[in-house]
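Next come two complexes, and both contain subunit A; in the first it sits with subunit B, in the second with subunit C.
So, the complex of A and B:
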């Protein structure tokens, strides 16, 4: 596995299989025990740096670190020195002085995770960068689907909704294709990125095409990112044409949503409460997958003690990289 | 890395325990466990993945036959409890090709107040056993933990002593003991891989 997880493309198919296998083998079972903690990352430090609102991703990363016995520190933008005008670079340089092993970052700007990886020796994991990517959401979605369907090869999925503003759509399109799935994007034209056809997905503007897929993946309408532009004539019209309810779902189809859901906008309340959706399974999967990821990123990048020469080279390289960019 | 190291010990192979002997050894260990049992004990067998788990199932079957009781049996995966997570890198799972479903810990009974016979194939430094004991305590509070191993090859690095030993095989550090079991390897035998002369 790479040193950092900034994009789902940082993971090979083998890396993904390895993380999922670890999640399945070790961490699903752990959540069912009375003592939900293992000593694996004892003494490691993980800093969760959140510059955007988040419930499930931040709680999931925090709990994942704690259940592995790491020391977890949460820094949330509203309560941090960012409010005093400190730049992201300076915040990260400051936190790096604590020698963290992993920094998890959620930030409203695309590329923020890649940017901070230049200022720290810690492994950087993106927990979502603006409209960029959300690789751990993609991993947990792949995990949830694997639990429900077994192999994903040839499985057809429709990603529906505000694709333009969705980092989840971006990561999942790449990740689903990597797992051999066929992806259809369903959205109004104004909520699709320009040139999206080049990414190898089918594009549709109608929920009627849900009939042809095995899995329905719903996205929230990100009204907070719509400021200053009209992406649709009215909310009413969007709901009429793109709100998915139970009547759109045929038996055997499963419905996923990364959350938070907006009932009555992209998902009807009846569907949100029905057995067909896997929303809470996704949350449970998220914890197991993030534990597996924290574990594997440390273990796979560990330098075997027997090869101290290699270790010197590697740490020297890390030093050079570090000084070069600062 | 492991592969590189292995080339140093690709020397002489010597079968030190045959299939017949291995079978008789496991039977003897089962008898010893019952012999040591105290009134009121509730024995259960827990094997350490991978080969310890298969041995545990064999022992539990034998104990069941000899004592006429159902003996609970489970499997323990200790990879999350190792003391060398960072030092050695990943020696645990790293599937490159589709593999059979990996099996984690499976303890389908409460270990509280039970006499747990922990089972492994080879006892070497004792670090695996330390990790296994730590793991067990996260599942409950056993009345007692005993240790059964098929081979004790010496070189302990921790104060750990087995209660039941199949065979003592004094070895040098650069030799390897390979326990092969029919369930995974197609054959029951113990092979000593010696260093090159």
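So, the complex of A and C:
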């Protein structure tokens, strides 16, 4: 596995299989025990650096680290020196001085995770970078689907909703195809990124095409990113045409949603409460998958210092300026 | 009325009566006073001045700042300092129509001394400074103080543009006539488009009285939206908001229509896409006299260069477009449809660019890298002839904005540069004279180092 997980493309299919196998074999069952803790990462330090609001991802990463017995520190932008005008680079250089093993970062800007990897020797895991990517969501979705369907080869999935603003859509489009799935994107034209066809997906504007897929993947309408723009004539008209309910789901189809859900906007309440959706299974999978990822990224990179050379010169320069551990 | 004010007014009133600016002594710009007027012999250079059909080996004698003789190689006599050129290329000094000197207001990013030292190091004998400073150059007092400062501090000649609108707000016209009288060479709100078509029309009407061109940054701000790079497959992959080429072309089409209606002189800044060239061609067919420029980065780089590690040194406005856009620009340069190359030199502090891509400001530096990257990337590869590069970097921009034309000819003031096209070197931002380092060409192996620049008869740069 790469030193960092910044994009789902940092993982080969074999890497994905390895993380999922670890999650399934070693960690899924742990949550059922009374004592939900193993000593695997004792003495390791993980910093969760969150510049955006998050419930699922931040609790899941924190709990994953703690259940592996790592020392976990949470830094949230509202309470950190970032609010005093400190640059992202300086925040990371500061945290790096504690010699963390892993920095998990959620940031409102695309490429932020890759950016900070230039200033630390810690493994950097993206927990979502703006509209860029959300690779760990993709991993847990693949895990959930594997649990439900077995092999994903040839499986057809429709990703529905606000694709333009969705980092989840981007990672899943790439990750699902890597696993052999066929992806259709369903959204009104303004919520599809221009040029997205080049990434290998079919594009549709109609929920009627849900009939042709095995899996329905819903996305939240990110109204907070719609300020002042006219992505649709009105919310009412959008709901009329793109809100998915139980009537859209045929037997055997499963429905996923990365959360948080907006009931009555992209998902009808009835579907949100039904057996067909896998939303809570996704959350549970998230914990096991993130534990597996934290474990694998350390174990797979635990090689003698001499061979763990940094890739780019900027990191090397940073390495010379500061004394890092491996 | 002081003597210097008087000379400005002469220049203004002559242009008012439609006297060709080239025929008068150019008073409006700051002529640098640093260094003494040179007496030197450049021996054994390839003298290359395509506008004069000059391409032969020879010696150039400069006496008291003027070219006093052109002799066959080895025949020139040494009156003072001798520079052995050893077959290097001697070119008319470059003219940059589009420099952001950041002064006044952001002297930490660039000041007159550092910006003109960078220009000299890039072979530029003259540069034109944009008006989007703080305060904005929107009145004669600010402009005059800049001209005065440049006379004391600059290493090369600096011409100043005045803003089109007060504080670049796009609401009221700036003091265009007073600035013309004080020596402005053109008007531009560059950095921002003139969004209000009515204001643009008024600006053309006002500029007509003083015979100066408008230099237009064509962009529909609403179409550009919150975009940070070209809109297309790469932005879709990265999740970055796109700036469609339409943001440029829609504004360009409107601006060309208004210019044609008013019969105004217009220069189009930093063209970035193929469709813009079609619009330009149509306007010219209809009889419009339009000059235009492309930047070295748009001629050499594409949106794919952004994708690598999202380095903010690849973020500028307009954004890098597709490979087919880039090829169209190069073909237009080779065909003469794009007649000027301008740097859009836009210095930014390291800490402002050392951020995630979306947070960083737009703009890259270009004065010190323009010729080497273009020579290596276009002339050496055969994509565009050297002759067109040289014309587009020296003669044509001088004509476009009415600056004195740099010429390798006896009797002319010496404005020239000497270029080593044999030795390869690596572009190292740490070696820049500019205060800023935000270049997309760092680490590129190139040929075409400028070893000597003479501006206004004075040696501005010499590393031979």
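Here are a few things to note about the model shown:
Everything that follows uses one rule, which is that the second predicted complex is superposed on the first by the 304 of 326 C-alpha atoms of A that agree within 3 Å, B and C clash if a C-alpha of one lies under 4 Å from a C-alpha of the other, contacts with A are read in each partner's own complex, and residues count from 1 in each chain.
Here is the rule we go by: contacts are C-beta pairs under 8 Å (C-beta built on N, C-alpha and C of every residue); 3 or more make two chains touch, one makes a residue touch a chain.
The model shown is predicted, which means the values in this text are computed figures rather than measured ones.
Legend: residue contacts after superposition of the two complexes on their common chain; A:99 is shown touching neither subunit B nor subunit C.
In the superposition on chain A, A:29 makes contact with subunit B only, not with subunit C. After overlaying the two complexes on the shared chain, residue contacts for A:302 are found with subunit B alone; subunit C is out of touch. Of the two partner chains placed by the overlay, neither subunit B nor subunit C lies in contact with A:263.
Look at A:247: by the touch rule set out above, it reaches neither subunit B nor subunit C. In the superposed model, A:195 lies in contact with subunit C only, and not with subunit B. Within subunit A, not a single residue is touched by subunit B in the first complex and by subunit C in the second.
By the touch criterion given at the top, residues 1, 5, 77, 79-82, 84-90, 92-96, 99, 102-106, 134-135, 138-140 of subunit B touch subunit A in their complex. Residues of subunit A that touch subunit B in their complex: 14, 17-18, 21-22, 24-26, 29, 33-35, 37-41, 295-296, 298-300, 302-307. Taken together, the subunit A residues at the contact with subunit C in this complex read 87-89, 107, 109-112, 114-115, 129-133, 167, 170, 193-196, 198-199, 229, 312.
Those residues of subunit C that touch subunit A in the complex are listed here as 225, 231-242, 244, 309-310, 351, 354-359.
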